[in-house]
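Next come the structures, one after another.
Two complexes, one shared chain (chain A), two partners (chain B, chain C).
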Partner chain A sequence: MKGSALIRLLLLVLLVAFLLTPQSFRPVFQPFAANGAPAIYTQSSLLALTLSHLAMVGVATLAAAIVSIGLAVLVTRPAGREFLPLSRSIANIGQTFPPVAVLALAVPVFGFGPIPTLIALFLYGLLPIFENTLTGLTTVPHSVQEAARGVGMTDTQRLISVELPLALPIILAGIRLTAVISLGTATIGSTVAAKTLGEVIIAGLISNNTAFVLQGGLVVALLALFIHQGFTSLEARIGRQAGAMQPAQ
Partner chain B sequence: MSAGFDLQATTRRGAGLDRLGVLLAAIVAAGLALQPFCLFRANRIVAAKPVGLLSALPPLESQIVLGLIVVASVLLLLRTPSPLRLSVSVLTLVLLAFAIGRAGVYLTPSSNTYARVAPGGGFWFAAFAFAIALADAAVRLRMPPLGRLALLALIGGALWLFLWSGACDALSILREYANRADVFWREARVHLFLAAGSLAAAAVVGIPLGILCVRVRPLRAALLNSLNILQTIPSMALFGLLIAPLAWIGAHVPGASAIGIAGIGIAPAFVALFAYSLLPMVSNTVAGLESVPVQARDAARGMGMTARQRFMEIELPLAFPVILTGIRIVLVQNLGLAVLAGLIGGGGFGTFVFQGISQTATDLVLLGALPTVALAFAAAIVLDAAVEMTRPMTSASARKSKSLFERHDE
Partner chain C sequence: MIEINGITKVYEGIRAVDDVSLKIGSGEIVTVVGTSGSGKTTLLRMINRLVEPTSGTILIDGRDNRDLPGHELRRAIGYAIQGYGLFPHRTVAQNIATVPKLLGWDKKRIESRVDELLALFHLEPSQFRARMPHELSGGQQQRIGVARALAAEPAVLLMDEPFGALDPIIRGKAQEDLIEIQRRFATTIVLVTHGMDEAIRLGHRIAVMDKGKLLQFAAPAELIAHPATAFVADLAGRADRAFRLLSLSPVVDLLEPGEASGEPIGAQASLKDALSEALWSGRAALPVLRDGAIVGRVTREKLMARAGQPQ
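Here is the complex of A and B:
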């Protein structure tokens, strides 16, 4: 475990160094740039693209988390329960929508730029979080529910201090999925002129410059790795805190 | 999906009104009142002129259509039996398709081949609402897998008949289609080949790898971890990164270029889809084999089955539904990802999507995106039904929680 933590730290240092001083990595990428093409993307700053990419993913994921957790809570309350089977199948079917198609269909309605990308990321991000929150809330053990009712908790108290905390690790797993998927999908946003790292990859595809494709792809992959890692350790820590009460998954 | 709450029938309350129906009727009303039913363009690129439902059709026809939509909405609004709701939703969707087709004919001047009529927000809102009503009725009826397949075949057949009859030919998306009918079917074949071919290759490689992972413990973590890392590379970058090595192989390995291996075109797309398909195939095979109950293994051993017999007759059949779920995940995912092949000259429906995006031609985007969505949708329904039919009845309640997230939960 110690070795892999060291590797991750090294990768993080490399990533930050690359984003701050991309030119110093020129020798690494030069072999991939055919016939004297530039080895490092300079049209816009890689750091700015990365930050804009992350901001877009962050905003979309946050919005998706708020809306879908809210909806999942709603359909698991007695008042909204009749919508549960339907919302399940909508979530199931919605996942089959290819993210590229969501993006392509959003363009005619919202035009070019960051907006269609944000909307596609938001819509596509709703489903994993919704699905996981539902799973989390509906698998709280019956005995725990009964005990909470037994000590005189109201419905709201049970939701806030029993059900949601128990479901939190699964909900976080859903948010992690959304964030990682969005990170990859956001690169496609550059085909509709959103400022993301996809810009670098597309520039490479158009000018047949593998060096650009490589650096754009590597930065996104590393970001995905760190986000995945961060969430996984958070989930593990919260799971441990919930301790023996954690329902079997 | 049908794993629901038995309470649902009894908890539907309200003063004779269906709560979902109220929401859907509101969507239909708002869509038709506030949004144009269709959009008229004098040619392909000028700004669209919105046309409401009442002026999109000849006066009498438009009143009949509006009347029928109102009747259908009222039927959804009231607490009507599910079979009725199902038929009403299907019939109204057919009516909407008929109306938009007629609007295309009615609004396009007969001599004008440049004018375009496209469905507007009102049409899409209404179609969305009735599609949800259809899904809701199907869920409430708890349709068995075969029933769902029959419904899908019915809707698909109706759609095909409708397009084939030419009733919608005046619509802009079908104008785009008519302009490139040959290319469309060629790209459709490429798209299917990319999605299904890479799935087949991944199944041939991934299932044995999964079996191997269960047998050889140390291999398991290493393989699943590296496939996981592969999955984090953005699809667009992976497509791009494969160009250089494949170009090299095509140029240097004898016979490689003869079977179509080259830097651009279909080969990098195929390899990238194959790579993305491996993780779900391997991890679902592992999960499936590990879900075989210990009692079943013990019983088989007790009956004196050999290791080979146990594997072929007990473990593999019991693991099959989970492996099939992996196939479902991969196929749906590949049908969507194959769109990206259009970016690197690999063909498929993505060709139209990206051409349409670069020309800001909405109809062309739709020509690529709608068949993709329809294919993914149909594949999901068919394979979900297949998974359900192969699953032993006892695990009905576990069915749902297993179906979608195998790919990610690893």
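Here is the complex of A and C:
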């Protein structure tokens, strides 16, 4: 446990160092650069690309979370139950529609830039959060729900102070999935001129420069690792506090 | 005082509760007993309107229970259930404070009430306040469940098989605690159970239900001596009704002056325990002990006479 934490810290230091002073890592990537090509991507600042990449994933995930959680809450209320199949279909379509196809359809409407990528990430991110929120809200133990009604909580009070807090670890797991998937998916946004780390990978592929592909890929992979870790430990902490998964007896 | 008038609940054509009427006095413990599917839980849940009746009315202290919105009504009525339903993400103190907080009590009053209740249930406040429900044993969870139900000092407490998941020894202790608390606060208690033993032990009066109908509503002795139907007689236990009858009265009822030898029996022990001891030790009479002194005796002959069907 301690060893793996140490490795993670080391990786974080390496990542930050690489983004701040990419040139100092030239010797590492030089062997992968094709005869005489530059070893480090310099067309844009790697730090700026990374921040823009993260911002895009963050915005898309946040929007997907708001919409999915909202939908899941709606369809688990007595009044909204009939919308459950419809909401499921919407979330499923979002997931089955390939992001590349979304880009292709969105570009003619919104033009090049970040918007088509944001739309693709948003649609792709709906399903995991929606399904997890649904699971979380519908698996609150029966006796707890019964008690919440029995003590005289209103429907809103039950949702806010019992159902959502108990579902929170599962909802967070959904957001984590979406964020990690989006982090990888966002790279294709560079094909339609969104500022993401995909730019580095694509530049490497076009010029047959493995060093660029490696740089872009490694930064994305490390970011995904850290986001995954961050969410997992948050979920564990909240889950442990609640002991929610243990039945009352 | 709870007045249930011709209450009926129909679920998809099935009469889960069928025209039940009964009056429960203030400060009374009424146990509702029946097999599963008898409608006893539905009856209970109609009192605090977790279930809305199809027809009929329920008056609590003279007021129709539909006068208030359901959630406000429920804040004024204690409710404890099987499985306890403690909020797993909240501490023991927060769980107990649920209803006072909904009612907007100030912080100081809530804290002192929480500590008072923890002490009442033999749980050291400083040790238990900050614990999470999953860190408690079943018996402790059960006590917190009842403490939460009593937190806002309700005049009426509804209990749905509250001791169902406890092992026999802890259940016995929990029943004693409940009797003690009821004496102290004079809370009106309606308790649903499927066990006749529990119904007899706790109930001042017992309501027997079957297939949605109220078969008999009577004091335990009456129920055992004169069951209204064969079903009630079966539920009351034909085989050991003599002992059930004896279990209702204390030794002091048959106390007489005189000598007896051997181990004494306490004046508050049940007649059933006295007869059992007399049979076991082969004695015709047992000395009776009260406040540390022998005050007389109880004879096997009288015990046996008392076990017969009352006329």
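The rule is simple: the second predicted complex is superposed on the first by the 238 of 249 C-alpha atoms of A that agree within 3 Å, B and C clash if a C-alpha of one lies under 4 Å from a C-alpha of the other, contacts with A are read in each partner's own complex, and residues count from 1 in each chain.
Everything that follows uses one rule, which is that a residue touches a chain if its C-beta (ideal position, glycine included) is under 8 Å from a C-beta of that chain, and two chains touch if they have at least 3 such contacts.
Values in this document were obtained by computation on a predicted structure and should not be read as measured data.
With chain A as the common reference, the superposed partners chain B and chain C fit together side by side. Of the two partner chains placed around the shared chain by superposition, chain B is the only one that A:Arg88 touches, whereas chain C remains out of contact. Touch criterion met: A:Ala148 reaches chain C, while chain B stays clear of it.
Put simply, if you stand at the Cα centre of chain A and look at the Cα centres of chain B and chain C, the angle between them is 100 degrees to the nearest 10.
Of the two partner chains, chain B is the only one touched by A:Ile188; chain C is not. Contact with neither chain B nor chain C is seen for A:Val13 once the two complexes are overlaid on the shared chain.
After the two structures are overlaid on chain A, the closest C-alpha atoms of chain B and chain C sit 12 Å apart. Note: no residue of chain A belongs to the chain B contact set and to the chain C contact set alike, using the contact criterion stated above. Those residues of chain B whose C-beta lies close enough to touch chain A in the complex are 1-2, 4-5, 7-8, 11-12, 19-20, 132, 135-136, 138-140, 229, 232-238, 240-241, 243-244, 332, 335-337, 339-340, 343-344, 350, 353-354, 356-357, 360, 362, 365-366, 368-369, 372-373, 376-377, 379-380, 384, 400-401, 403-405, 408-409.
Interface of chain C with chain A (complex): residues 48, 50, 71-76, 79, 81-89, 98-99, 102, 132-135, 138, 141, 145, 148-149, 165. Partner chain B is touched in their complex by these residues of chain A: 32, 78, 81-86, 88-90, 92-93, 95-101, 104-105, 107-108, 112, 128, 131-132, 135, 139, 173, 177, 180, 183-184, 187-188, 191-192, 198, 201-202, 204-205, 208, 210, 213-214, 216-218, 220-221, 224-225, 228.
Residue ranges on chain A touching chain C, taken from their complex, read 141-154, 157, 162, 165-166, 241-244, 246, 248-249.
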